[in-house]
Structure formats: C-alpha cells, structure tokens
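Next, two complexes with chain A in common: one pairs it with chain B, the other with chain C.
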Partner chain A sequence: MSDPVCALNNAVFDGLVRLEETGPRGMVTLRGDLGAAAVLKSVQKAVKDATGLPVPAVRRIVLQKEYGAGWMSPDELLLMMPYDEAGRAVKAADKALKAVHSLVVNVSDARSVFRLSGAAAPEVLAKLAPVDFTAMAPDEIRRSRLAQVPAAFWRVGDDTYDVVAFRSVSSYVFELLKTAAAPGSGVGFY
Partner chain B sequence: MSTRIPNKGRFLNRAAPVSFSFNGRTYGGYQGDTLASALLANDLMLVGRSFKYHRPRGIVASGAEEPNALVNLGQGARFEPNQRTTTTELFEGLTARSQNHWPSLEFDVGAVNGLFSRFFSAGFYYKTFMFPRWAWKHLFEPVIRQSAGLGQVPDPDLKDADTYEHFHAFCDVLVIGGGVAGLQSALAAGEAGARVILLEQTAHWGGRAPVDGVEINGKPAEIWINNAVECLENMANVTIVRRCMGAGVYDHGYALGYERLSDHDPTVKGPRHRLWRIRAAQIIAATGAIERPLAFAGNDIPGVMLASAVRDYLENWGVMVGQRTVIVTNNDDAYRTALALKRAGGAVPAVLDARNHVTSPLAEEVRALGIPVLEGRAIARVKGGKRVRGVGVCLQNSAGAAQEEIKCDCIAMSGGWSPVVHLWSHCGGKLLWDAAQSCFRPDPSRPPLGADGKGFVKTAGAASGEFDTNSTLQDADKAGKNAVKEVGITPTGKSAPKAPQPEQAPLQPVWIMPDKATVDLRMKMWLDYQNDVKVTDVQLAAKEGYESVEHTKRYTTLGMATDQGKLSNINGLAVLSDALGRPVPQVGTTTFRPPYTPISFGAIAGEARGDIFQPLKTTPMQVWHEENGADWEPVGQWRRPYCYRRSGETRDLAVIREVKATRSGIGLLDASTLGKIMVRGPDAGRFLDMLYTNMMSSLKPGRCRYGLMCSENGFLMDDGVVARLDETTFLCHTTTGGADRIHAHMEEWLQTEWWDWQVYTANLTEQFAQIGVVGPKARAVLEKLGGLDVGRDALPFMAWREGVLAGFDVRLYRISFSGELSYEIAVPAGQGRALWDLIWDAGQEFGITPYGTEALHVMRAEKGFIMIGDETDGTVIPQDLGLNWAISRKKPDYIGKRAQQRSFMQNPARWKLVGLETPDGSVLPDGAYALAEGTNENGQRAMQGRVTSTYYSPTLGRGIALGLVLHGPDRMGEELEFGLLDQSTRIARIVDPVFYDKDGEKQNV
Partner chain C sequence: MLILECPYCGVKADETELHPGGEAHLKRFGPESSDEEFEAYLFERKNRKGVHFERWRHVYGCGKWFHAARATDTLEVFGTYSAQTNAPPDDLIKKIKQKRPDFGGYE
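Our next item is the complex of A and B:
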C-alpha cells in the first residue's frame, strides 16, 4: 500500500479567499431507505458505528472533528472520517445494515475536497453555483454544481466552506475557484 | 455648430480632461462624458453612415435607444464593433472609428446607393432572391457585400484580453431602472424589509428628473435622489448596482443583469463584464420611456435629434448641440427643451407645434421668453446634407408646400413618449393601446405569469405609462408595496413623495409630417435609421399585401437593426395601420425579445474560456501520459492517449509499434475511464437481466461476463463486462462515454418503473484507477510483482480475484479486449499512479510498452470485437452484429426485446456484420459505401453496405475492415465494390469478421 495521493497534491491559492485542496478524506456512500422506520433504525446504528454521529435531517450535515454525516437524498447519506478509517467504517456500517436492503461503499478516492476560507467564500461560490447563500442554513449541505460539473458544499465554520467534487475534474474545479476568487473580482453582495 | 458651454454639465468633472481619438484624430473631453457627448462637444455631427444607402448620420439620442452612432471601439485584443457612443463612457486613450463608410466618412462611394433607392425598396432582398437567380449570385450579392454591413469583425487570431464572470443572486424584489420610479419602488420594498436588488444601466441615479427640472417634496429632484440612494445603500437587505442593465426577464422570476465594470475605465482590475443571473420572486420594471422621433422629410440629417436628447446633452454634459435650434413637436414635453436652451443662452427661432391651439403652462412660459410658437405647423423638409442648415415650414394639414424657411443648425423633435415595455413583455406581459397618449403601455390585468399562475412582473412610473413625476412616484410606490405583499411582507405606511408639475395639454398623434405629404417627401421620411426603412417602404409592404406587423417587419427590415426598433417600432406600425386602414391596437406590436440591448459574448461565456472552457477529466496517470509523449484524443470529456509517440515517430508508426509490442510481449493500458457501476440488492440479478440482453443472474460470484445493453427501441447502446462481487452485488463496466449515461439509465428505470425492486446503484467510476496489463508476458510481470496467484487455474479467463498485489489492495480481472492474455487491475485512484509506476518498472525487462486507444481499437478489430459508436450508430441492433449468442432466449423480457421483434427488426434484409479485405492489402476508407445495381427512389445510386471500422493491421500486415453488408454472412468470399469520394471505386472481399486467433487460444492461456 502506498500513501494515497490526492488529485492536485494539496494545491493552494490565495485570492478573494484562501483555497486549498485538503488532503485525502475518508468518504463512504450509504444507501438505504431513510423514510422506512425499520430501515432507519439500522441506518442510525450504521452511521453511529461508522462515524459516531446521528443521522442528519433532510438537507443537513452533522460534523464533529474529522467525522461527518451528510444527507444526499431520501435514500443516500455521505459519511466522512479520516482516510485510513474508511475501510473500517464500511465494515461497521455493513454489519449494522446486514438485515436490511442497503449499499455501503468506499468512495474516498472518487472525490476531491477543497476548502474556501475568507469572508468572500459565499460570493466566490455564487459565481459558479446557482445557490442562495442567505437562505442556506449553517448546517446545510447543498448538492449543486460549480459551472459545468456537479459539486456539493457545506459550511465548516464562520467564512469557511468545504467543497466536494469528482476526482477526475479536480483540476477544472480548482481553476474555476481560482478564477472566481481572482483578486479585484469582489462583488459585495453577501 | 455644436459647442461646450460653461456652467452646465452635471456629470462632467471639468478638472479631469480626457483625450480620445476618433477616426485617427485626437480630441478632448472630460471625465463624465459619454463618447457621444464628447463628439458633439467637438462639433462632430457626422459620426456614421447608414446601412443600406450610406446616408450621413449623426447622433439622434442620448441613451440605449441610439440607432446611428455606433463605432468600432478599441484596438487589437480589445477591439469591439457596433459600440453605442451614447452608452460608452469616455476614458483616457479611448480609440473609436466610425463604421460602414468607404473609403472615408466624409466621402462615401456607397452613398450612390441612395440615388438608386427605388431599386432598394422594401423586400428588395426577397425580390432579388426570387428572380433571376443568376443575378443574385453574380450581380447583387457581390455589390451588396462590398457596401453593406456594420462594424468590422475582430481579428480572429487575437483573443479577448479581458475576463468575464457570472454571478447568481436571489432576492424578493428585483427593481430594474434607477430613475426616480425605480428608487421609490426600491425604497418601498426595502423599507418593508424585503431583499431588494436595484439595477441601473447608466452610471447615474435618478434618470431624467434632474434634467427636466422636476421638484420633489419642494426641492430639486437631485436632493431627493441623493437621499434615496443613501438610504438604500444603508439598508443591509438592499443591493444597488450601477452600470448594470436589466437585459432580460425569463420564466420563474429569472432575470439577467449585464454589469459593465471596467468599460468606463480599463485600468480597473477584475472582470470587464459580470452577468447577474438573478432569481427574484417579484420583478419591477422601472425602465422609463423613450421619446419617439417624428417622420418628416430629411429627419435623418445630422443635427436632427430627439428633443429630450438635446436637453440631456445640455444639462448633463454642457453641450449646446445647435446655436439655433428649431423645436418640432406634437406635445408639451418638448417645450422643456426650448426653455432649457433659451435659458442657457441658445437661440430658439421657433417651436413648430402640429397642434392647432396650444395654451398650456409650458407653452405660455416659452412664449413669455419671446420664442415664437407656430401652431398647426410642420416641417416640410430639412435643408442640408451632412448637417442641418434650415427647415422649410408648412402646415401640418397640407401636402408639404413650404411657406417659409427658418435657418437653424439643430432640430429638436418630439413625437411623444413610449413606455419601455420590453422587460414586461419578454415573458408574456400584454399591452394596452393608450389612445390619449398614443402609446402602448402594460396592461396590469395581463402580466407575465409564474408557476403559480400569478403575475411576477410589475411596472413602475413611465414604464407604466405614468409620465408626470407625481403620478410616477405614486405608481412606483404602489408597485414596490404590492410586490412585497406578494412575497408575504407587510409594506410600511409611508406615502410617496409629492412632485406637483404643471398640467400638460394632450398630444396630437402625428405619424407623418405633414399629414398629406407627397410621395417624394415620404421617400425621405426615415422610420428605422439604422436599416434605412422609410415611410414609403412600409406603405409599399402594405400595398403588396403584408398585413401582419411581424411579416412587415421582416419584409422591410423595420426594427431589425441593432437598436431593435426602439425608436422605429411604434412609428412604423402606426404608418402600417394607417396604410391598412385599421386601428393601431389591431395591428399590434412585434415581439419584444431579450436582451434589451446587445450584451457581450464574453458576459454570456463568463468564466468558460481557455483551460476552463469545458471540464476536462483526467485519470490519476495523466501526468505520466503527458511526460511520455501521449498524443491525445477526446473521448467524452476525457482526453485519452491515442498513442505514445517517440521522438521522430509518426502517429501511424507509433500505433504499429504499440500493437506489435503488445501482441509479442507486453502492453500497458490506462483503462481508468471505463465506467464502473455497483449494483446491489436482492433484486440486482433480476434488474441486470432486464438491462442486459443476456443472462446476468446466473453469473457466479468471482466470474465476469460480457453483456450488451439496448435502449427500449432495441438499439444497442452500450456494452461491457459485468463482474459478480457477491450474491447480491454486481459491478457493471460501461464504455468510457457511457458511465454517467448508463448510471442515469439505471436510476431512471429503478425510480420510474421498478421502484419496488430492491436495488441500489453507486457510480464508482472515479474510485478506481484501472490498469490493463496485456500480452503474452503479462503473467510474468504480475508474478514478479508478487502477492497474488495469477496462474491459469487460480485466475482463469473471465474470472476476478481480490487480493494484495505488491502491497496494493487490488481487484484483478482476467478479461481481454485485445485477444491476448490480459489482466485489468483496479486499485483506489489515489494509488493508481504508484501502482502504474511499479508495473512500469517491473515490466522493463519484458519490454513493457504503453499503448493508446488506437492500438486498442486495432487489436479489438483484429479480433472482430465491436466498438460502440463504430459498429453502432443508434440504428444497429445486436442481431445485426452477429451477437445473437449474447441475447438470451430464455428470458421472458429485457429492455429492447419487444422492439427487436418488430417486423423491421426481424427483416432478413438488414445489413449484417462481416469482415472486409482488399485484394491488395490496402486500407479501405472509413465510412465507404458498397455499391449495388440500379438507383433508389431518389435517383441516387443504390447501396448494399458500408464500412464501420477500418485499420491497418500490424499483426497481419495488411488492411482489415468491419462493415455492415446486405446478407453479408451468407456471402463469404464475394467481392464488393466500394465508392470513394473521388468517384473511383475499390474492391473488397467479404470475410469472417474475426481476423486473428479465431479460437481464442491466446487469451485463454
């Protein structure tokens, strides 16, 4: 096993915001019917065993330290943990979900994560994503797009957002964010 | 003589002189000038030539409605044609050239077209298109090409030097227009607590009110305006943006704003234009009104201007356009121009008013200043060529015999005002004909409707048809309050400010001046300045049977120029209605379409240019490919190495080398782009049995099976290898381009048809890097890496294993698309490059050779394997390709089965897959058709087949091809004649499609 390499080798850019590719992150897709009480119970245990966190409400994300659980759809959650723990998390969740129809799979390497920090972060994202950041709750996860590719993002603290996109378009996404964060291009809307 | 005067010019910063160049000469202006005001300040009355007749043209208006004064602006990588001088703010070093003149602006050969104007009448283009055909091609077209056209095309070798961007914004109320109406609407909505965005297309707030000397709450309008702007700036819930035009209104409260950030000052850093993509619950169009020209003979001669524009240039930019200005009007508003000019020291020899009795307060004020008001009068014709020298005056109720001549160098005309209804109308708002004001205005009972069936656009102020300031403010206040009510917010109890104004007498509709003008006068009355459409053209169109205003527009080109009929529309359709003898509202208007004025392509493209024009997907091995001579080809959004060229090597030679190295030793392929979709659940097998034509539920865990996927119409749409991971889990490989599409296809069926089946999917395409290790020495290399038994018995053909290979967690598939001993190794993407490097190093002693997509294609064709997109084109079914072995007869159903039972699909005459070989070993051209006897029903040569794939086979040393041929499999050995583009033909023999190792011994070792 060699050390995992993230797509852009932890690239950094400073403009309207600070932009960083934040190293490899453990990510697990969990699919199961969140609307069925019997399934939900197993899902709750699975999420707890994998991340120590509760199941997030609709369009919400729960975060604690390096762990997270985000609502992706009525039958899909995104679980996050340190990269090295993803395999263990899959096993734990699978075990908890043994009795119900579900799918748990490690997707850590399929994604790239970028962090935007700075007061202009919502504004930089709003150049690329059709999202109303005023209406976005502090603990909301938004599945949207950045220009021409799918992306999801959420707030990790004041003026700090994490953005997740597919690995193959990492360089496109980083260049997009760099362009949107170019010095002198502030809007002053948010 | 147009001059700058002291003590006027509220936009000017006279402490900041600016120099600019026009047609190569340097002139001076001030910061705050527009290019138009600076040109006028330098007495440049002639600024362009018209489109068709190359008539001399000057500035007519002072804003976005300007039809004439367009220029080629800037140089080199910042060059842009058709820029409006009236909306171009002056900056140091601005460079402009006039358009549409040859050889020079002052002396233009094309103006001779004017002498033949009767041959260039309405429908000229259509008529010459019709007959005679040769004349268009050889006579008219070359001449017109030479003389017509607006600005120049930018140099195609240069890239725009500026940057652009989009911005997504959301609000409760979007107010478009920052005049007093827009400000009041924004205040009413903002004070109630709504999220408000206010856009103003110019650099200045307040619109016309300060120019017109309006008082609000007893003080000059400017004081109220400044206060209102300050209030709005201080509200956290309000965003106000200058230099941002509301370009268009679309469904569901979507609107576009076009912000010009650095057009006024190229030294400003950041994007040049920003396209605001706004989603608003309610939109208020406070877009004001545009003054209409009057149609009199010679109304296009430089020096004839809108009365309001003459006033604007005086008040805003300190430019007195004429030393002697004649006012011609059918309404009271133009008297303001007379007052302003006279008070600023200009001479106004007369006001010609088409109305017979005028005693309103404004007229009395004018009379009191000693200006003669000539009632019931009209302009018979304007004297002058490249600038106005005087007017012949006649009675409005006459044929145009001039009674006297007045010397003047400027004519300020006003035919009344038309509300700017564009944004109201873009999304379906309807209009009313307001007979009293002779204009179309929005019908509040028929607004554009949102998804909830309720109106989402309102108008405010002059855009509603409320022309006096007091009712404008009332209307705007009401619009703002009603808008917030619609979004569930309670408006404040504040009332609108008061702005009492002198009462105005009604206007008199005047569409032709004078009423009974003779034809030689009507031929000189311009309706559409830019496109040279005259009163006679519209009348001729009516005479020739054009009744619809939309048809007349296209026949005459009225309103089709870059100003989109802002000045010509109402006048043109009034002339049409008169010619047809039908009232104006029955004739109706043409359609208002976005954008309001042209917006830059840069703004539309936004950030999407250069490296981020489109997303480019890369695999973890991208950098290695780049460093090792990869010659790229696009595959979906990926770039895959087509081949790896060594120095001095051609593409063809590289492909030959790669194929030979792989067949004889070992090749290395980056297969990461193949789609990988996990399908899991108790019903997963049943689901895949429906998706694929063959049986997947019978596949054993640990094994792989090749499968075909068809659309519900039976056509082959994707193929790939399915691996069964465990009892309830499958991993489906798709083509590179098919990953997202097939995943969506699966989800669509699961979510719409088989929602009760217990199946989940997950697209894992990017989770894994996949490396193909291919060739007779593949096993030796993997054994050298160690950790996994890759022997024939442990891992037979079409099996897979999980394990640790040289320390990497891998899934190893023994599948082959080349016909050789072949392994595909899946490893988490973050370790893909490390494993690739390890295999590369381990393979050196075996002569390991990376190969690209072309070698892959050649090797699959040698084996007779089909390729989606080559052998299939959306009309081919698996049966055409001899793939019946992959179609289960046992299954009751699969997607496409029913369609494949239709008579046409069962027809034995469908072309079928065969191999093709030329007798001399040459390569057949791709896509060539096999000729048949006779002709088809269209008189074209009959065909009996076509080439779908064709390559030079390095393995066999000759050309090989696959093709679809009528009864092909039954005609082995027959020779076909293929037609080439150069009319020659080539012979090829029908052979078995498997050219290499038909028994599959090599892949099975």
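Our next item is the complex of A and C:
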C-alpha cells in the first residue's frame, strides 16, 4: 500500500505560536441517536471497542494517548486513533452497532489536523473563530468556523490546541493560522 | 451582535455561526390545497414589528435546526427551543407576555 501523506506535507510555522500540520490521523465518524437509550448502549460498546474510551458528554472530548472520542452533535461522535487502525475501528464499531440505526465511516483522508502550541494559542484561534475561550472548558471540543470554513478544536494540554478542518481547505486554514500567528501581531486579550 | 444559545449543544453561538431559516411554525399547504392557501403559505409572512419566532440552523456547530423568539425592534432574545415542536413552549410565551403585555401570541 502507498504511504499516507497529509495535505501540506507536515508544514510548520513559528510565530506567536508554533503551528504544525500533524501527520495523518485515523478518524471515524459515528452517527446514531445518542439521546435514545437503546442506541446509546450500542454506541457505548462501539466506542469502547473502537477506541477503548467512554462516550463523551455533550460538547466534551475524551482523550487518551493517540485515541480520542469527541461529541460533535446530538447524533454524531468523532473517534480518533492511529491512522492504520481506522479500518479495524470501523469494523469493530459496525459490529457493535449492527442492531441499531447508525452509520460508521472512515473519514481519515477527508480531514487535516493542525496543532498550535504556545501561550498565545487561544488568542490566535480567537482571532479567527467567534468563540469565547474564557468560557471554554478544558475538555471541551468546540465546532465553529475559522474565518470562512468549518473547523473544530480542543485543548490537548497546557497551551496546546488541536484543530481539525476539511482536507480540501488545508492550505486556506494554514494560511489563516499563519496570519493570525504572525510575529508581533499579539493582542494580549487572554 | 445577535447571540443565540443552541438548545442542542448549549453553545452561545454568534450570528455568524448560524444560518437563518425564516419564520417558524408555518403550516404547510401542499397538494390538494387551494391556490389562495398555497400562495399564503409561500409568500405571506407576518413580519410584525416586535416579537418574531424564527428558525435558525447551527450550521458551523452541531448542524441542528432550532427555534428562537426575539424582538426585531430591540433585538432582545427571549429564548431558543427545540425544533421538534409545533408551538413555542408555554414558559417562553409567559416570559414574553410578562415583558411585552401587548404580545398577541405567535399565530
């Protein structure tokens, strides 16, 4: 099999924060009505089998090493794992969800992931997204927009955030983040 | 700036994160209805000065449609509620009546 390559070839930029396009990451979309008790039970098993993690609460993300489970909407979860494991995760989740109305798709190649590290990371993101970072919980995943395109982001550690966007807009998102992180452009709001 | 709280994910979403969907609680007149009814359904909107009930979609967030009650003259937001309903919740109506004694109902 050919090697997976990310859209910008692991581009890096140093400014107010360090920006990196992180390598290919396994991502699986799981859809099913999380509000229905019968479905939720199967979803819990599916998420456990695919990532070893519990189902996150509303607008929360559970992270452990290279695995993650994020709440995307009342009927959608984002599962993350190493790139090579996505196929296995889909199979495991599909098996657990066989009896309920649901959908599991490997979307690893449809996404790009960027990491912002540095104390100014919330400030850089806040320049582009209509999000109040003071009101954001440490384990919150926030779907919003970066300028004109949809994106989601969450905190992975002190002063470190991960951003996911569609792969088709990778270069746009990276240019946006570069501009927002240009040296000397700090606002000092947060 | 208009900020509406999405009843599905709880995000206090800025207007730019949302997509407007027009007046809420319309009754559809489709096949078998009269031309007048169909025309009214398509084109006639209340568009009052004051309290509006609207549909909005949290398009950059959880993607769900919801309803909002707000005043178009003051931009005051009275509340948001789930779209899985045919009428605004009673407590919201009560709240609006308290603030706007002349409010004549959503219909």
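Going forward, the second predicted complex is superposed on the first by the 190 of 190 C-alpha atoms of A that agree within 3 Å, B and C clash if a C-alpha of one lies under 4 Å from a C-alpha of the other, contacts with A are read in each partner's own complex, and residues count from 1 in each chain.
Going forward, a residue touches a chain if its C-beta (ideal position, glycine included) is under 8 Å from a C-beta of that chain, and two chains touch if they have at least 3 such contacts.
Only a predicted model underlies this, so the values are computations on that prediction, with no experimental measurement involved.
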Return first, second, both or neither, reflecting whether A:130 touches chain B, chain C, both chains, or no partner chain. both
Could you tell me if A:105 is touching chain B, chain C, both of them or neither one (first, second, both, neither)? first
Check whether A:4 is in contact with chain B, with chain C, with both or with neither, and answer first, second, both or neither. first
Winner by number of chain A residues touched, once chain B and chain C are compared: B
Output check: A:59 vs chain B and chain C. Expected answer is one of first, second, both, neither. What do you get? second
Could you say whether A:187 touches chain B, chain C, both of them, or neither, answering first, second, both or neither? first
In the superposed arrangement, does A:72 touch chain B (first), chain C (second), both or neither? second
Return first, second, both or neither, reflecting whether A:143 touches chain B, chain C, both chains, or no partner chain. second
In the overlay, answer first, second, both or neither for which of chain B and chain C A:18 touches. neither
Is there a shared patch on chain A that both chain B and chain C touch, and which residues make it up? 130, 132, 135
Complex contact set, residues of chain A against chain C: 58-59, 72-74, 76, 130, 132, 135, 142-145, 150
Within the complex, chain A is touched by chain C residues 8-14, 16-17, 60-64
Touching residues (chain side chain B, partner chain A) in the complex: 163, 165-170, 195, 239, 268-271, 274, 277, 279, 606-608, 611-612, 614-620, 638, 678, 680-682, 758, 760-762, 764-768, 807-809, 828-831, 833-835
In the complex formed with chain B, which residues of chain A make contact? 1-7, 24, 29, 31-32, 75, 101-103, 105-111, 123, 126-132, 134-135, 147-149, 166-172, 175-176, 179-180, 182-189
